[in-house]
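Paired with chain B in one complex and with chain C in the other, chain A is shared by the two complexes that follow.
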Partner chain A sequence: MNAYPSNLWSIPLLVVIPILVAVVVNLVYNRARLIKVISIASAICLALISLISSYGYHWFTGQPALRPETLTFTFDPGFPAWRLALEFYFGPLQQVMIFVMSLILIFVVAVATTGLTKRQGPYMGMIFLLFASAAIIIMVNDFYHLWIAVEIGSLVVAGVVVGSGTSVSHKAALKYTFFSALSGAGLAVALALILGLTGYSNISDAIMYIQSVNLGEMSVILYVAFGFFALSWIYAGGLAPIHPLKSEVYGASFPHGTAMLQTQSKLMLVAIGIVMLRVFGNLPFVREVMLAISVITMMLGVIMALIQTDFRWILAYLIVSHSGLVTVGISLGTTDGLTGGIFQAVNDVIYMTVLLLCCEALYYFGGKTSTRYSLGLAKKAPWLGMAIILGTMAASGIPPFNGFQSEIILIQAALKAGLPEVAAVILMVSVTTFIALFRAIYRLFLKPPETSEPVEEAKVPRSLYLGLWVFVAITLIIGVYPNIVVSFIKPVAEAVSIPWYL
Partner chain B sequence: MVSVETLFDKVKKWISSFVVGSGYTNMMTGYMTGELQSLVFALILASFFRIFSIPLGMVLLVAVIAGILYFAPLITTLEKESSNDLNRVLFWVVIYFAVIIAVTLWGR
Partner chain C sequence: MIEVTIQLLGFIAAAALVVIGIAGMLFLDNLIKKIIAFTLLSDGVNLLLVALGYIEGGIVPILMPGMSASEFAARAVLVFPVGIVLTNIVIGVSTTAILVALAIMLYRRYGTLKASKVLKGERR
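On to the complex of A and B.
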């Protein structure tokens, strides 16, 4: 029996639906109501597909692996055999990641179609292409599709940022795109080197070749490939030293756009990070290098967040910093590390969405997000004030919210690996996140207004409040019952993990 | 012998050299916390080098302490180096890439 069905129906749908929606909403351009219906319905469809789909493969070329003892074919990813295939895989990890991403997509499109007054079609198209690029990277098991999806993802990020329509966003998009030429080409070089060395475009095949054949002096090529691969990983996730450009991208977009951008970015970090771990994880000092980049990103992000005077930029730098938290776990490469890192990515995109939706709500109160103003918003919008404080608690790793559960796993993983300094940095990031966020919340929400100038009365859309409370509830539910998500992550973490050797 | 008052004056002067305003403002608290964080972080990162080699870690720790004293206040240096200027980002990307390749090849 074949437990892993080939050409699974759900995989093409998860990629083709967002691409089709992007085309259709562009065609209907400014018909706001129609765009809203199509976008929300499609996002709900994507969530349902990811929820009900079985696990399996979609392959474009190649062959399934042959079991010699029974002479039957298998798509089991753990079965060692040459597959020669360009393929996508949908398993438990892919399911949880794509489901969370589509849940965020539903509320992002609902909020965007309510708030935007013009250019709705192209903007919505970009949001859906962002989803498609991330879905491909999450499911891909071959180098060709990986490269194409990373390239598309980079350009679409620029599109979403430009969609916010200010000169700051145009500059941010241009700078980010400029670097995509460098890292996209870098990834292409890395893949070309791996292809030249192994002769296989399928990632599982290439790994099997590297593990079974003595590369001798040719192994130097693998180190150079790792360098280029790492450059692309740094770029895709906005890790140091690209963090100024990535945080500019986050800060210059609409907050709902940033919610989608950060989701794509973190899930790409996980997916590409796992590929790097699988291909290069056994090479000496590779994981140490990945860990060092992650630690530097965590600290630079959180320190830069501390000195910002605008709530949007505080969030932008915290998103970058928490990307480092995700990659710390992946870089450790142990079962606990991987579980913590992937769990952190899922939690992170949820609580950051809470904070970003709160930031979006500020636009309806006159658009002041600078901490130079005391707005006293908690009196005018107490539910919003409550949501932002709960979101801050989740982001700072305070129990019983989801951030606590993943951070405690990460701290334990670092301690188990004999790296107490990494555990200390994770703790520092948690505490500093709270300080950075609360400085802004105190000024914008809690401190009474300094001037008699009245804060604009606002009618915050119901979809925004609904999204806020749905995600606050999820942070609480996952915080109390972490196994809802961990049970999906653990098997993958066990399969990919490599023991730390200190 | 430096009196307490003189030391306090020195610290006060040092603080006001990089941010103008009272020490208890919203902006100033961010800078002060950031300075403290970056200082601890630099020390932790230096100790992290024990993974590669303990003697190298010790040398780096001493070098980092000297660097902290020389570059203080660190927060302004960090802020400047984290600017979105393309040339500066490109410079750091090249440095990172070189270090990544050098460290991994060194581990062979």
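On to the complex of A and C.
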């Protein structure tokens, strides 16, 4: 970290633009065409900013390093910097994560503005606020902004779910908001405890303090703070034991909304996970607890996916299960583990978007997503069938798609850490994902229809097909050239990693 | 013998509010009562933060004319707990508004506020 942070203008734009768009689309809530233009243009603008922005800090408040002996501020770059500041940091990891998120935002916005006829303005506003909250969490380097962004994120998730307008979505949102109240309060207490213990709200400063001072009996406070932090981590990603709540949220939303929700959730998991690793990673048993939560989530998610009879709910549980894959890598905390975990998060949001867009397309063929029906859609929509099979292959870790590359890194990381059982669970998740998805695809696409009742003819929007094939192409390109993404992730993984000690 | 200070009393009251809030959210069946329990929980967390930042004889963290740096450092209260409490109040109000709005929508649909009936499993 530099002693003297630079105030980059481009970094806050990634948060300010989506918030402004949310306000504007609410003001013009009944002008569908205008909302579409503003939303797509802003989403493209966000993608471009994340691509061209230089790396560095944006400094909101605080002060330069303080000399304890004289209580005077220093601007000397050689002085060990305790900045006491609220700040955003934008580096290679943040760049790749925000770029992927904005790419997904472009197509989610395009699909949503085409398909939705009512409440377009408020719904679009929620989607953009979801982006803003995730962008803050990805870039933040202080506990204060982290907590606020998690709280905003959880309220906005409820808003996106309610946007689908069914009583099921209202129930899911209510349950989720009740739990968010608990986890938000927990995160506030964790923040207060760390602040009380170290005196710093800046994450780097707090870590510097924890590493340079012998905490002795006070380390108990750090464990309590870890407990509350873990609660919000579990909540953000829908990890076990609250996986039913999160999958209900995914299942009750529109599929395009779920694409954005799962992107926010997985990128939040990575960002909060890295903060937890940096602050608490050296405490005994912390990584074991994180690993146990991750493994249980993977297994429960995939088992629940197997017993579902609706394509939407299969995807909902698989998203949760694959969140466990992401957190396994982060919990290991090694360079390979972190690389694999973060790479998996990026890959996962891309191939799950493919599958969710396919699910959205099913709505245009009569809206039946239950696997109890045999629709024989492969004849009616061969391109859709092709896309869903390719998405399934990517999600199941089959080469040459991106899922394979990240899962192989994760398996190698688990084996290197001397945890073959974790590697076996990762393999099991891959195989089970394939079974759960292919069972649904067979019923919906490949099996001839059981009734003579014709499947509704549909005109699937071009934006949906375009998004579908753009993301299929990305899964293939990353699968063949993984270094396109890994080169952004590796330096961060090396900087944050801690060797596994078992 | 533990000295009973304002800070300690603040911690005890905060713990009581948090426990009552969590118990209410978990065990009460009425949605409105659950929401009231949430506000108690939120108030408990606020009180905890205020108590954490409390300094006996503390002053507002503004360096006044004639005050030495060491006196300021010794007596000024931390700004962050106050900032967090203010933010938490805003977040609490927003969360309560969303919860009440959802409770109203579900009441219109089901005609009851009983969580056991309203939140029963249903997928379509």
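By our rule, the second predicted complex is superposed on the first by the 479 of 502 C-alpha atoms of A that agree within 3 Å, B and C clash if a C-alpha of one lies under 4 Å from a C-alpha of the other, contacts with A are read in each partner's own complex, and residues count from 1 in each chain.
The rule is simple: a contact is a pair of C-beta atoms (placed from the backbone, for glycine too) under 8 Å apart; a residue touches a chain by one contact, two chains touch by 3 or more.
Since the model is a prediction, treat every value here as computed from it, not as a measurement.
In the model built by aligning both structures on chain A, chain B fits alongside chain C without clashing. Shared-chain residue A:Leu155: touches chain C; no touch with chain B.
By the touch criterion stated above, A:Tyr209 is placed in contact with neither chain B nor chain C.
In the superposition on chain A, A:Tyr364 makes contact with neither chain B nor chain C.
Of the two partner chains, neither chain B nor chain C is touched by A:Tyr465. Within the superposed three-chain model, A:Phe178 lies in touch with chain B and with chain C [touch as defined at top]. Looking at the shared chain after the overlay, A:Trp313 reaches chain C, while chain B stays out of its contact range.
Of the two partners, chain B and chain C, it is B that touches more residues of chain A.
Shared-chain residue A:Val286: touches chain B; no touch with chain C.
In the overlay built on the shared chain, the residue A:Tyr55 is in contact with neither chain B nor chain C. Closest approach of chain B to chain C, taken over C-alpha atoms in the A-based superposition, is 6 Å. In the superposition on chain A, the residues of chain A contacted by chain B and by chain C overlap at 175, 178, 182.
The residues of chain A lying in touch with chain B in their complex are 172, 175, 178-179, 182, 219-220, 223-224, 226-227, 230-231, 234, 240-245, 248, 283-286, 288-289, 292-293, 295-296, 299-300, 302-304, 306-309, 371-372, 419, 421-422, 424-425, 428, 432, 435-436, 439, 442-443, 502. Here chain B touches chain A in the complex through residues 26-27, 29-31, 33-34, 37-38, 40-41, 44-45, 47-48, 51-52, 75, 78-79, 82-84, 86, 88-89, 92-93, 95-97, 99-101, 103-108, going by the rule given at the top.
Taken in their complex, chain C has these residues touching chain A: 18, 22, 25, 31, 34, 38, 41-42, 44-45, 48-49, 52, 69-70, 73, 78, 80-81, 83-84, 87-88, 91, 94-95, 98-99, 102-103, 105-106, 109-110, 118-119, 122-124. Those residues of chain A that touch chain C in the shared complex are 71-72, 144, 147-148, 151, 155, 158-159, 162, 166-168, 170-171, 173-175, 177-178, 180-182, 184-185, 188-189, 191-192, 195-196, 199, 201, 251, 310, 313.
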